[in-house]
């Protein structure tokens, strides 16, 4: 793979621990972690960063953190539409994709390079080109960013 | 065991981490995890899925997530009534049961097949037919669903 | 040691994970775990159960869970007064004490039998007669209860 | 290194787990842990303790716990200004610094002695003079305090 152009990141279970705090009123909070913003700032100078989420009910929470506070591009895309949306918007051969679910595992075969957090669902860990040592919500995105820089941009 | 008909799942400590966030006003929130909905959707085409909870005080939270948002059958059944309720409503030989407590461990001997999450109480882990590698609230139910499909429905 | 009469349990870091959720308004919530109520119900038939806490600011939260909802005896005792309070109210030789802090570690030498959760501060783990395999907030108290029954009450 | 004079501690990811609970309204809570106050009280008799944070959005939460409730000196210093601020206010040769991020890892080379929690970002763990066995939010600061006392103040 040549230098990749896009880093596409599923938010839940990658930026977050994947967990939801539920109250009687519904989804109340998600748990975001340290370091990821540091990594994104470094890699954002080299690649186009795009985040996606399939979580409709928790999208207000995701939007607040990812779009409003971290200023990242964020799109709500359902699991079913994900492959079509990715194909329409990106050259997948030039894209790195980071995800954690059994559905993400199938997308891993279609992108240039795939990354899963240490805490990903086992099928995603099995299929990913690289598995971080940090869990999601504990620095997995930051580690992925440094890994991408090391692997694809270091000899530049 | 032939193809099982029912998958009966205790909610707390299986769909959730088993933990409660308490404020001065009481039980405020429970922590639900990723992947489980993905697994349930796949297995729900093959088996009858039933969830149960003994947590009266937190039942409003459980209902919101499990019944309202995930659209699963949910019943509040106390620990004492659990065995009778199960016997009355299901043929236990045709049922898979997933639980995490010392009380669940005793039920494991009476059902067709039993599953415990990696984070279950040690007595439940010792008695279960299968222990997931994922902890509760981190994909244990999803892993259990795929395991059931692999074990009982794959040669179909 | 003969059959112990009292089981004295420090709440924070034993019934809870030891962690506090802080908002801008202060201590908002503590994290209680599964199984412990099951264990306490069994052991409560055999021993006098007493809980203590040194957490003044979070005492309203502790009281709600431990005293109001679990119906256990609870006393607010500062770290400094703890030894005197214990001596005044209990025959320490007949008491099992479960705690997790560096201060608790010093009390361990003065009681009949001492227990620490897997997640206790390292000094407490080093000094305890028994260390549970479960972490606090994940079943440590329940495991301690069953251990006490096995060790001191089984041959009865 | 002679007896150090200052213990400078980054708050997020050292006193806290590094995680943020986000609601739709933004940063709602941080997770602080047990034991750290016990350690700080012991070491505070021997050294000047200073805490710093780069988290502007969560500073109200940090201030409530660290400054108001624990009565520690706290300063909001951005990542960019951190080195200059440290140099201006402290003799770095006489200072112990505890941090968890990739930026902290670079500061480790400039201070007298450096400590990282077990849960720190991998680059910080690699560069630190000492890595605690406890994770952040689970007693890492307390362990660091006892380590400093053992290493630099014990023969006194």
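Letters A, B, C and D mark the chains in the order given here, with residues in each chain numbered from 1 onward.
To be clear about the criterion, a contact is a pair of C-beta atoms (placed from the backbone, for glycine too) under 8 Å apart; a residue touches a chain by one contact, two chains touch by 3 or more.
Note that the structure is a prediction, hence the values are computed from the model and not measured.
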Message: Can you work out the rotation angle that lays chain A over chain D using Cα coordinates, in steps of 5 degrees?
response: 90
- line: Farthest chain from chain B by C-alpha centroid distance is chain D
Statement: For the pair chain C and chain D, the C-alpha centroid-to-centroid distance in angstrom is 29
- prompt: What is the distance, in whole Å, between the centres of chain A and chain C, each centre taken as the mean of its C-alpha atoms?
  reply: 41
- prompt: Which residues belonging to chain C are in contact with no fewer than two other chains?
  reply: 21, 28-29
Query: Chain contact graph: line, ring, star, complete or other?
result: ring
Query: What chain pairs are in touch here?
result: A-B, A-D, B-C, C-D
- prompt: What residues on chain A touch chain D, complex-wise?
  reply: 17, 21, 28-35, 38-39, 60-61, 64-65, 68-69, 133-134, 137-139, 142-143, 146
- line: Given the complex, residues on chain B that touch chain C span 12-13, 18-29, 57, 79, 100-103, 119, 121-123
